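First chain A sits with chain B, and in the next complex the same chain sits with chain C.
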Partner chain A sequence: MAKYVGTSMKRREDPRFIQGKGGYVANISLPNMAYLAIKRSPYGHARIKKINTKKAAKLPGVIAVFTGQDLIDGGVGKLPCGWNVPNIKVPTRWPLTIDKVRHVGDGVACVVAESAYIAADAVDLIEVEYESLPAVTDAKQAAEKGAPVVHDEAPDNVSYTWGIGDKAAMEEAFKTADHIVQLDLVNQRLIPTAMEPRAAVAQWNAATEDMTLWTTSQNPSPIRLLLSAFTLGIPEHKLRVISPDVGGGFGSKIFHYPEEIITPWVARKINRPVKWVSTRTEASTTDSQGRDHVTHCRMALKNDGTITGIDVKTWSNQGAYISTFAPLIPTALYLTLLSGLYKVKGIWGEMVGTLTNTVPVDAYRGAGRPEASYLIERLVDIAARELKIDPIEIRRKNFIPKNEFPYQTPVAFVYDSGDYGALFDKVEQMANYKQLRADQAEARKKGKLIGVGVAGCIEASGPAPSAVAGSLGSAVGFWESAKLRVHPTGKVQVYTGSHAHGQGHETTFAQVVADELGVKPEDVEVVHGDTAQIPFGMGTYGSRSISVGGSAIVRASEKLRAKALKIAAHQLEAAEEDLVYDQETGKVYVKGSPNKAKAFGELAFAAYTAHNLPAGLEPGFEETHFYDPANFTFPNSAHIAQVEVDADTGEVKIQKYVAVDDVGKVINPLIVEGQIVGGIVQGVGQALTEHGAYDEHGQLLTATLMEYAVPHADMFPMIETGRIETASPHNPLGVKGAGEMGTIAATVTIANAVMDALAPLGVRHIEMPLTPEKVWKAMQGSK
Partner chain B sequence: MKQSVSITVNGVEHTQEVEPRLLLVHFLRDTLGLTGTNVGCDTSQCGSCTVLLDGAAVKSCTVLAAQADGSEVTTIEGLARNGTLHAVQEGFWEKHGLQCGFCTPGMIMTAVDLLNRNPHPTEEQIRHGLEGNICRCTGYQNIVKAIQYAAEKAG
Partner chain C sequence: MYTPTFDYYRPKTLDEAIALLGKNKGAKVLAGGHSLLPAMKLRVAQPAALVDIGRIKGLSAIKAGKKEVKIGALTTHAAVAASAELAKACPILCETAAMLGDTQVRNRGTMGGSLAHADPAADYPTVMIALEATMTAMGKKGERDISAGKFFKDLLTTALKADEILTTITVPAYRNFPNMGGCYLKHRHPASSYAVVGVAAMVGLVDGKVGRVSLAVGGATVNPVRCSAAESALVGSAPTDDAIAAAAAKVAEAIANPMSDLYATADYRIRLATVMAKRALMTAAQRAM
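Our next item is the complex of A and B:
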C-alpha cells in the first residue's frame, strides 16, 4: 500500500540550504533594529560587589545598559524547572544574576546599541567589581562536607536524589554471585556544539501590544508558555514565538534561556526591534551542556556469564542552575535504562544531582541513555574478558528473548519489541566478526595493537505518555499535535508541533501524509515552528518526532478519510461501508465498481462548496489531532568497531565501523541512515576527543573550537550501516525513532574497542576521551 | 575613520565606506545582505563562513573587508549559474550531504576550491581537504560522497 513511506526521497528542504537561502534567526534584519550584547562573568564563582555602567552608557551608539536588577524591577521572572522530582531544590535563577556569578558565562548586565560592534565595545566598558570565591566543579566533590556552597538555598549542593529498582534482589544477586565486576568511571562533560550559535530577534508592536520573538528553539510552544507564565509576562495570545530554520540543536536548544527573555524585554523597553546573536565562546559558556557523571557501578554474574545483578551509584553534575528539564535526564532517562538488552532481575540504581560552578547540564543527544549504555556495556565487556567468554557470546547469553516482548524490566520500563539475536547475527555477518578476530590474533603476533569493540544498546525514545511523565515529575504533557488543512483544490498543509532542525520533517512528514491521503508529496506542505500557525506542540527531542508527531499526523489523516467517506457516500448514493478509500490514488469508490468514484480533490472541493453535503456534516476539510503516545518506544542496536592504537603515540585510528540498528519501521531510509551515521560520529567524539574541561576555579578550559575537539572528517572510514525492523506496536506507524541511537551506541563501542586493543598490555579501563596522551600514559603505566 | 572599499561579489562591484575593523563576513552578511555565508565560531575553526576570494577558499571571519578591497568574492549565492546548480550543490542534494544546513555553504565553497585544485581527489584527500570545516550533523560521510559525485560528474 505504501507508495512513498519506505522510499529514499531526496529532501525537499535542501534547495534553499544549498543555495544559501536558509532562514536562520541571525539572518533576520528589521528596520530600525538595535543589537544586544551580554556582559558575562569571567569567574567560576564570585560575589558581585559593584557594577559600573557609566562608561558603557556614554559610548556613542549605545542606547541603554541594563543590569539584572533593572530587569527584575522591570518585571521579569525566575527561570523555572519543568521536571520536579520529589523534594527537589531549585535555586533561584534570574535572567541576569544579581548577587553572585556561579559559572563562567553567567550574565550580569546587557547593552543595546546601534550596531553589534558598538554593543561588543560597550560590554567591555562595563566595570564589574568581583570578590572571587572558591569554586567546586566536580559532581561528587560538590556533595562532600566543606565544599564551596553554590546556592545558599541548597547548602549541601544537593538539588535532589533519586533511585529505582529492586534493592533486595540486587543485594541477593551480589551475595550469591560467582563473579563480581567493579568499575568506577567518569562520563565526562560534553559541550553540544550545534553549528548555529543561539540567537534571538524580538519585535514589539506598541500599537497592538503584540510581541514577536524569533528564537533558535527546538520547541517554540513550550518556550512561549514559559515566557508568558513565568519569565516575561506577556500573555500567550499576545506573544508569537517563531523558530524558523534552526542550525542543529542536539538537545541544547530545548531549554528556556535568559537571552530569549532579555531580548524581548529590551525590545519592548526601547520600542525597537532587537537582535542578539551568541558568539561561539558564549555558546560554550551558556548553552546547556551534557553528561558529566561520576559513577561507581558493579555487576554480579554466574561463572557461565549469566548476569544476575547490576548496582549503580551516580553523582550527576547539574551545573550552577537547574536547567529546564535537567532532573529528567539522570533519573527517568538513565537509571530506568540499566537493564540494557538483558534479562536481569537484581537491578538497583541511585543518583545524587549536585550543583557546581559550571554551565548548567541538561539533555544532550542521547541524554541519560548513553550514560546508561556506557556503564552496562563496559561492565559486560570487562566481565567477558575476566570470565574468558567472547564478548558477543556473553551478551547473547543474557538477551531478553524475542518471544518475551513486551518485556517488563525491574526499572520501570516495558520494552515494546525487539530481536536482539537477529540484530547481532546481522552485525556479526556484516562485520565478518570471526575474520576480525582472526586478523586481530595475527596482528597481535606482529606487535600491533588492534582492538575489536562490541556493544549492544537500548534506548527509550518518543517521550512520553503524559500521565507517566506526570508521575515522574514532569510539569507538562508529552503528546504532540498535528493539524491537516486540505485546501479546496486538494493541496494539503500540515501544521505540526514537531520542529525540524536538521531532521528532514518537511520530507518525511510529507511522505506519511501522501500515503495516508493518497496525494503526491509535492502537494503537501509541512509548516512548523510558528506558534501563530501551529497548534500548541511539544517540539522535537528524544527522537520523538516521527513516533509522536508522525502518529498525530496519521490520526488526523484518519479523521480526514472518515469525512471523505461520508461526503463520497452521500454523493455516490452508497453506504459508507460499501466504499473503499484507495490510499494510493486518493480516490473513494464503490466496492466492485471502481468507476463509481470521487477523486480526493473533488471531495475537498465539495467539502468547501458545501452545496451537497450529508445532513449535519460541517463544511470544510481540516482536522486536528493531539496524540498522546501509549508508551515509549525502544530502539536498539548492535555495533562493532575495529581500531588500531599506535604503540608509540597512543593515537587511536578507526579502521572499520559497522552499525546495525532496529529503529522500527523506516519512513525514509536515506534520512535514517544520515541520522545514524551523524549520531555515530558524535558518539565517537565523546569516546576519543571531546571534553568540556574545567579547572579548579571553574574556568572552562575548552570554550572555543580551538580547545573543544569535535570530530573532523579525517577521523573516519566509511561507516557501514544495516537494519533490522521490528515494528513498535505502540504507534500506528510502527516506528521507534532514529535520532539518538548512533550516539548512544558509538561511544561505548569505541571505548570497548580501545580497551580490547590494550588488553594484552593489562590495561583495564581508561577514562574518556581516549586521547593519545591518556592512552600513551596508560600504556606506560602498564609496562 | 571609515575607508572606502570596492569588492566585486558574485560578479557585482560594491563600493562602500566601512570601518577598518569590519570583517569580510560581516560586510557580506550585514552590509550587502548576503546571509548565505554563516558564522559558526570566533576562532576560524568551523569553516561555516568559507567563501572564494580571488578563486581561493578563505574563512571570511578572518579577512577584513579592507583586505578584500579590489578583490573578487564568490559566495554560496553566486554559485548556481542561470538557475542551474553547481555540481557540488547537486551532489549535496543527491547524497544527503546536509541536515541542518548551517555548515553547508562553507562546506560547498571548500569543496569547490578542493575540486578546482584537484579534480579527482581520493577519499582520503577529500577528508583531509575538509579538515578546516566542521559539520556536527552528518558525520561527514555523505559530504564525502557528495564531493565524489561532483568529481565524477565533472568527468
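Our next item is the complex of A and C:
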C-alpha cells in the first residue's frame, strides 16, 4: 500500500542548507537592532565581591550594562527544573548569578551596544572583583566529606539519589554466582558540538506589548511556557517563540538557557530589537554537556555464561546548576536500561546526582542510554574473556528470546519487540565474523595488535507516555501534536510540534502524509518551530519525532480521511461503509466502482465551498491530533568493528565497521542510514577523541576546537549498515527511534575492539577516550 | 569572536610596508591570517595595527634552480603542495604542505606566515631545520639572510626584527643531487590537526651507505631541534632497519625540556619522536635509493 513510506527520497531541505540559504537565528537582522554580550566568569568557583560597570557604560556605543541584580529587580525568575525526582534539591539559578560564580562561563553581567564589536569591548571593561574559592569538578569527589560546597542549599553537594531494580534478587545472584566481574569505570564528560552555536533575537512591540523571540531551540513551545510561567513573565498569548532552521542540537538545544531570558528582557527594557550569538568558547562553557559518570559495577554469572545479576552504583555529575531535564538522564534513561538485551533477574542500580563547579550536564545524543550500554557491554565482554567464551556466543546465551515480547525487565521498562538472534545473525554474516577472527589469529602471529569488538545495545526512544513520565518526576507531558490543514485545492500543510534541526522532518513527514492521504509528497509542506503557527508541541529529542510526532500526523490524517468519507458518501449517495478510500491515489469510490470516484482535491474543495455537505457537518478541511504514546519504543543494534592498534605508538585505526540496527519500520532508508552513520561517528568520538576535561581549579582545558577533538572524517573506513525490521506494536507506523542508536552502540563497540586487540598483553580496561598515549601507557604497564 | 579595534594598512610595496611597521609600534604583519586572526578573535593577540602584505607583488614565486629553490614568503600552502617544480626539486615541501591544516588553511595560509609565527606545533619550521634553509628578510637597512638554525629563537619568537619582513625562503634542490631522499611525518592533534610531533628526515646515500643525514623534530620542544647524536650514529652505516632503529633511539638526547599538555605528556612526545624518526628515516632512505 505504501507508495512513499519506505523509499529513499532525497531530503528536500538539503538544497537550501548546502547552498547557504538556510534561515538561522544569526541571519536575522532587524532595523535598529542592538547587540548583547555576556560577561562570564573566568573562575571555576569564586565569590563576587564587587562589580564595576562604569567604564563599560561610558564606552561610546554602549546602550546599557546590566548585572544579575538588575535583572532580578526587573522581574526575571529562577530557571526551573522540569524533572523532579523525589526529594531533589534544585539550587537557585538566576539568569545571571549574583552571589558566586560556580563554573567557568557562569554569567555575571551583560552589555547591550550598537555593534557586536563594541559589546565585546565593553564586556572586557566590566570589572568584577572575585574571591577565589576551592573548586570540585569530579562527580564522586563532590559527594565526599570536606568537598567545597557549590550551593549552600545542598551542603553535601548531593542534589538527589535514586534507585531501581530488585535489590534482594541482585544480592542473591551474587551470593550464588560462579563468577563475578567487577569494574570501575568513568564515562567521561562530552561537549556537544553542534555546527550552529546558540543564538537569540528578541523584538518587543511596545504598541501591542507583544514579544517575539527567535531562539535556537529543539522545542519552542516548552521554552515559551517556561519563559511565561517562570523566568520572563510575559504571558503565553503575548509571547511568540520561533525556532527557525537550527544547525544541530544533539540535545544541547532542548534546555532553557539564561540568554533566551536576558535577550527579550533587554529588548523590552531598551525598546529595541536585540541579538545575542554565542561564540564557540561560550558554547563550550555554557551549553549543557553530556555523560560524566563515575561508576562501580559488577556482573554475576554462571560458569556457562548465564548472567544472573547486575549491580551498579553511579555518581552523575550534574554540574553547577540543575539543567532543565538533567535528573531524567541518569535515572529514567540510564538505570532503567541496565537489562540491555538480556534476560536477567537480579538487577539493581543506584544513582547519586552531584553538584560540581562545571558546566551543567543534561541530555546529549543517547542521553543515559550510551552510559548504560557502555557498562553492560564492557561487563559482558570482560566476562566472555574471563570465562573463555566467544563474545557473541555469551550474548546469544542471554538474549531475551523473540517469543517473550512484550518483555518486562526488572528495571521498569516493557520492551516492545525484537529479534536479537536475527540481528546478530545478520551482523555476523555482513562482517564475516568467523573470517575476522581467523584473520586476527594470523595477524597476532605476526605481532600485530588487531581487535574485533562486538556490542549489542538497547535504547528506549520516543518518550513518553505522559502519565508514566509524570510518575517518574516529569513536570510536563510527552505527547506530540499535529495539525493538518488541507487547502481548498488539496494542497496540505502539516503543523507539527516536532522540531527539525538536521533530522529531515520536512521530507519524512511529507512521505507519511502522502501515503496517509493519497497525495504527492511535493503537495505537502511541513511547518514547524513557530509557536504562532503550530499547536503547542513538545519538540524533538529522545528519537521521538517519528514515533510520537509521526503518530500524531497519522491520527490527524485518519480524522481527515473520515471527514472525506462523510463528504464523499453524501455526494455519491452511498453509505460510508460501502466506500473505499484509496490511499495510493487519494480517490474515494463505492466498492467495485472505481470509475465513479471523488478525488482528494474535489473533496477538499467541496469542504470549503460547503454547497453540498451532509447535514450537520462543519465546513473546512483541517484536523488536529494530540498523540500520547502508549509506551517507549525499543530500538536495538548489533555492531562489529575491527581495529588495529599501533604497537609502537598506541594509535587506534578503525579498519572495518559494520552496524545492523532494528529501528522498526523505516520511512526513509536514506535518512535513517545517515542518522545511523552520523550517530556512529559521534559515538566513536567518545571512544577515541572527545573529553571535556577540567583541572582541579575548575578550568575547562578543552574550551575551543583546538583542544576538544570531535571526530574527523579521515578516522573512518566506509561504515557498512544493515537493518532488520521488527515493527513496534506501540504506534500506528510500527516505527522506533533511529537518531541515537548509532551513538549508543558505537562507543562501546570501539572500546571492546581496542580491549580485544590488547587482550594478549593482559590489558583489561582503559578509560575513554582511548587516546594514543593512554593506550600506549596501558601497553607499557602490562609488560 | 570579535577582535578589538585595530588600524589596518594595505601597502603596495615592500618599502612602504617596512616604513609602516617602523611607524606603528606593536603593528603585526598580516599575510594569510590563519594564525594571527584567530588569536585576535580570541583576544589573545591585540595588535594596534595590521600591515597587510597580501597585495605586494613578487612575494609568491617559486624559482627552482639546479642547486637551490627560492620560494616567495607569500606562497600559499596549496601552491607549495601543488608545485610541479618543487615536486621535482624538493618534494618534502610538497609532502609537508599537503598535510598542513585543511583546505581553507592551505588556500590562505602562507609559508612565510607560518615560519614567522614560529608555532611549536607548525610543520614548516621542522622541515626548514632539516633542509638547512635560509630565510631572507627585508628591513630598513636592506636585505639579510638568516640560517634556519638561527631563525627560530623561542616560543613564537624568531630572529626577525619588528620592522623586518620575511621575503624569501631558500632550500636546497636536493632531488637534483645524487641519491637524496626526504620524508616528513606528523602525529596530528586530533582537534587542531597541528603537529603534536613532526619529524623531518633527509638521507643521502653514497655507495649504499648513509653519506649525510639530517633529522629534525618539531612539536616536542618550543622550537624544532636537530638530532645530531642520531645523525652521527647513522652516518657511514648502511640504512638497515637495525641501524636506523639504533640511530632513532638517540633522538631523545636532542630533546631538552619537552613540552607537555592534556593530549600528550613529555614522555609520550619523546616516544612519538623516537618512533616517527625511525619511520621517517626509513622512508627517506628508501626514497634516496
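Operating definition for what follows: the second predicted complex is superposed on the first by the 783 of 783 C-alpha atoms of A that agree within 3 Å, B and C clash if a C-alpha of one lies under 4 Å from a C-alpha of the other, contacts with A are read in each partner's own complex, and residues count from 1 in each chain.
Everything that follows uses one rule, which is that a residue touches a chain if its C-beta (ideal position, glycine included) is under 8 Å from a C-beta of that chain, and two chains touch if they have at least 3 such contacts.
These figures come from a predicted structure and were not determined experimentally.
Asker: Touch check for A:Ala693: first (chain B), second (chain C), both, or neither?
Answerer: After superposition on chain A, A:Ala693 lies in contact with chain C alone.
Asker: Once the structures are superposed on A, label A:Phe716 by its partner contacts, choosing first (chain B), second (chain C), both or neither.
Answerer: The answer is first: A:Phe716 touches chain B but not chain C.
Asker: Now for A:Arg11: first (chain B), second (chain C), both, or neither, which partner does it touch?
Answerer: In the superposition, A:Arg11 touches chain B alone.
Asker: Looking at A:Leu705, would you say it contacts chain B, chain C, both, or neither? Reply first, second, both or neither.
Answerer: After superposition on chain A, A:Leu705 lies in contact with both partners, chain B and chain C.
Asker: Pick one for A:Thr279: touches chain B only (first), chain C only (second), both, or neither.
Answerer: both
Asker: Which partner chains sit in contact with A:Asp124 here, chain B, chain C, both or neither? Use first/second/both/neither.
Answerer: Second partner only, chain C.
Asker: Given the touch rule stated above, what does A:Ile671 touch, chain B (first), chain C (second), both, or neither?
Answerer: first
Asker: Quick one: is A:Lys21 in contact with chain B, with chain C, with both, or with neither? Answer first, second, both or neither.
Answerer: first
Asker: Chain A residues in contact: does chain B have more, or chain C?
Answerer: B
Asker: Following superposition on chain A, which residues of chain A contact chain B and also contact chain C?
Answerer: 116-117, 279-281, 704-706, 710-712
Asker: Would you mind writing out the residues of chain A in touch with chain C in their complex?
Answerer: 116-117, 119-121, 124, 279-281, 648-649, 651, 688-689, 693, 701-702, 704-712, 771-773, 776-777
Asker: So in the complex, the part of chain B that touches chain A is made up of which residues?
Answerer: Checking each residue of chain B against chain A gives 19, 21-22, 26, 29-30, 33-43, 45-46, 48, 75-77, 79-80, 85, 89, 92-94, 96, 98-105, 108, 123-124, 126-128, 130-131, 133-144.
Asker: Residue numbers of chain A touching chain B in their complex, please.
Answerer: 10-11, 13-22, 24, 26-27, 29, 116-117, 193-197, 245-248, 250, 279-281, 501-504, 670-671, 673-675, 677-682, 704-706, 710-714, 716, 718-719, 742
Asker: Which residues of chain C touch chain A in their complex?
Answerer: These residues of chain C touch chain A: 1-5, 42-43, 187, 189-194, 262-265, 268, 271-272, 275.
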